[in-house]
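Labels run A, B and C following the written order; every chain starts at residue 1.
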Amino acid sequence: MMLFYFQRLVEIFPFFLKGLWMTAAVSGISLIAATIFGLLLGIARASESKLLVGLIGAYVAVIRGTPFVVQIFIIFFILPEWGIQLDAFPAAILALTILGTAFICEIVAGGIKAVPKGQWEAASSSGLNIYQQLRYVIVPQSLQTILPPLVGQYVLLIKDSSVVSVIGVMDLTRVGWVTVNRIPEGLMVFSLVGILYFAISYPLIRLSNRLEKKMATQEVML
Amino acid sequence: MIKFNGVNKWFGKLHVLRDIDLHVTSGEVVVVCGPSGSGKSTLIRCINRLEKFQKGELFVDGTPLHDYSTNLTKLRAEIGFVFQQFHLYPHMTVLQNVALAPINVRKMKRADAEALAHEKLARVGLADKADAHPTQLSGGQQQRVAIARGLAMSPKIMLFDEPTSALDPEMIGEVLDVMVKLASEGMTMCVVTHEMGFARQVAHRVIFMDEGSLVETGNPHDFFANPQTDRAAQFISKILTH
Amino acid sequence: MIEGFNFRIIWEYMPFFMEGLRNTFLISIVSLFLALLAGITACAGRLSPWKPVRGLAIIYIESIRSTPLLVQIYFLYFGLPTLGLRVPELQTGIIALMLNSGAYIAEIVRAGMTSVPNGQIEAGISSGLNYFQRMRFIILPQALGVTVPPLLGQAIVLVKDSALLSLISVMELTRIGQTLTSERFMPTEAFFTVAFFYLCIYFVLKSLADWSQKKLIFREAY
């Protein structure tokens, strides 16, 4: 019996690959968008403006204080009530982007704050404006602190993307969920799903660990 | 008291101790000096087996350290070790730092141990700091507490690994004063240090190490005035020009 | 939008929200406790001198960290029956949460133990203290302080993770929101209320975590 199911699983394997591709697509797009927005918001969050820090802080607190599944439900079920009708795929990307931006914004803000004050002073003393200070002096140095947790956050986003399966996106998790109804071998099906997630997360986890070691041994060159 | 016989240690491929033969008698004060990487810290860390070695024999107070079945707890109770970075326990008060080992290793009663701790703290000039936390003390004060912590076990030997190297210059004196007093009271001491003034004042012998070998040894006066080897001469001229 | 917000419905469903909140609370506490046990055990395994024990611990920890929680939940929910075990959803969910958080807690505990400076351990060795005495007087008191803030962080994550149990029909807070939505078509009222309750729990836990961060960490003085 198990062999029979195993054979069927092998036949359906391409279906899993499609799910993996969907997971990669949803994660990848959200990841890029979240990095861009997170970078901008992070810079704002590290600023002196109490208003900006407070507003962004409130946003981050709400995102970090509520389960992602609730956030997805809000975007998918509540936005239509306000006239914004979204398909599952764009809704998923929107939700993941909002989630990722909040966390990345905190990472970026932390990295910028870690750059010694003297660098700001040196940069502004040479006449550079704020934009130039950030672009040429501050942000490049903050990358050292930001890179390892950033990659770690990417792994988290890939894992969180599994939740979008609940609004019908045919990602790797939903493929498993759908399959298990036809091939009732839960262990086999979800082991396969797990292995495929492992395949995309593990390289990133290794990268993050290596980056962390590299950053730790590198002396800050001032 | 301490006898090294042909001790050799390798760290991977690096030969960090080469054929060390050294004999320290009871009551003797020995200063070990040399450039960094010469193996001087490794040498004294072997004495209470913070470092192990691969070849040779080491006897401390008759106990063979090269024999791995030796119970070290008893031996370590007789040896006090003072570290360059003090390494006081930040979550305890000064008094608790000093009393910890007497209570748990010598199995003293708490009241007796605390009385003993007070006495040792007074001996290093810090009786009034018994209830403070290490973070509230200066570097020099912390190092003196570390010495009191070592003395609390009434050891036969006190080992010092660059005790003043992590201190600001104005605090070096207070720690060296305690060490000089200790030496004058007849404690067997092995001190790794760059403080040549201390060596000249109380050391019975100075040992110069370079690249893992014991290059030269002699009494402080002769050593500084007439070094026998080139390396020792070079080293001395470098330190003394400061 | 605000004029349409139906507070009456929320009041009508309040007993259900309270039940859901209570269940979320209980599930989180039980799972956290079990996860602590699992995590400390796994950490002891991770640090043990025997290779096979260490290997098993590493496999456990790395598999959990590289796969999404939802997949782990489905793995147990669909997989346990195939082994002949009929475990009710609630217990299945708690086991999943326990195994998941246990792996993260194992790493938190491990980081705490290795955070005590080597030099202090050497100072302890030099005074003649044995392994257990060093553990008891030097390592554990300091490791504990370092471990508590991230543990509280993991507690926050656990509460949010518990929301996923709604997808296997456990009657916790998020599921109540889903029920209200499907029965009365009022996703806005349902999920904003749910989100509000999660935020309350979050703020309490976060304040605890921030307080512990300040008060419990000992720094070695140089």
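Methods note: a contact is a pair of C-beta atoms (placed from the backbone, for glycine too) under 8 Å apart; a residue touches a chain by one contact, two chains touch by 3 or more.
The structure displayed is predicted, hence computed values, not measured ones.
Quick one: point me to the chain whose Cα centre is farthest from that of subunit B.
In terms of C-alpha centroids, the chain at the greatest distance from subunit B is A.
Name the most central chain, where centre means the mean of Cα atoms.
Smallest offset from the overall C-alpha mean is found for C.
Let me have the rounded angstrom distance from the C-alpha centre of subunit A over to the C-alpha centre of subunit C, please.
The computed centroid separation for subunit A versus subunit C comes out at 20 Å.
Counting only Cα atoms for the centres, state how far subunit A is from subunit B in Å.
Inter-chain centre distance comes to 53 Å.
So how far apart, in whole Å, are subunit B and subunit C when each is placed at the average of its C-alpha atoms?
About 47 Å separates the centre of subunit B from that of subunit C.
Send over the residues of subunit B in touch with two or more other chains.
none
Using the touch definition from the top, list the residues of subunit C that touch subunit A in their complex.
These residues of subunit C touch subunit A: 1, 62-63, 65-72, 74-75, 77-83, 156, 160-164, 166-167, 174, 177-178, 181, 187-188, 191-192, 194-195, 198-199, 201-203, 206.
Can you list the residues on subunit B that touch subunit C in the complex?
48, 50, 72-77, 79-81, 83, 85-91, 100-101, 104-105, 134-135, 137, 139, 142, 146, 149-150, 153, 166
For subunit C, which residues are in contact with subunit B within the complex?
Those in contact with subunit B are residues 117, 119-120, 122-123, 125-130, 133, 137-138, 141-142, 145, 218-222.
Within the complex, which stretch of subunit A touches subunit C?
Residues 61-62, 64-71, 73-74, 77-78, 81-82, 155, 158-163, 165-166, 173, 176-177, 180, 184-187, 189-191, 193-194, 197-198, 201-202, 205 of subunit A touch subunit C in their complex.
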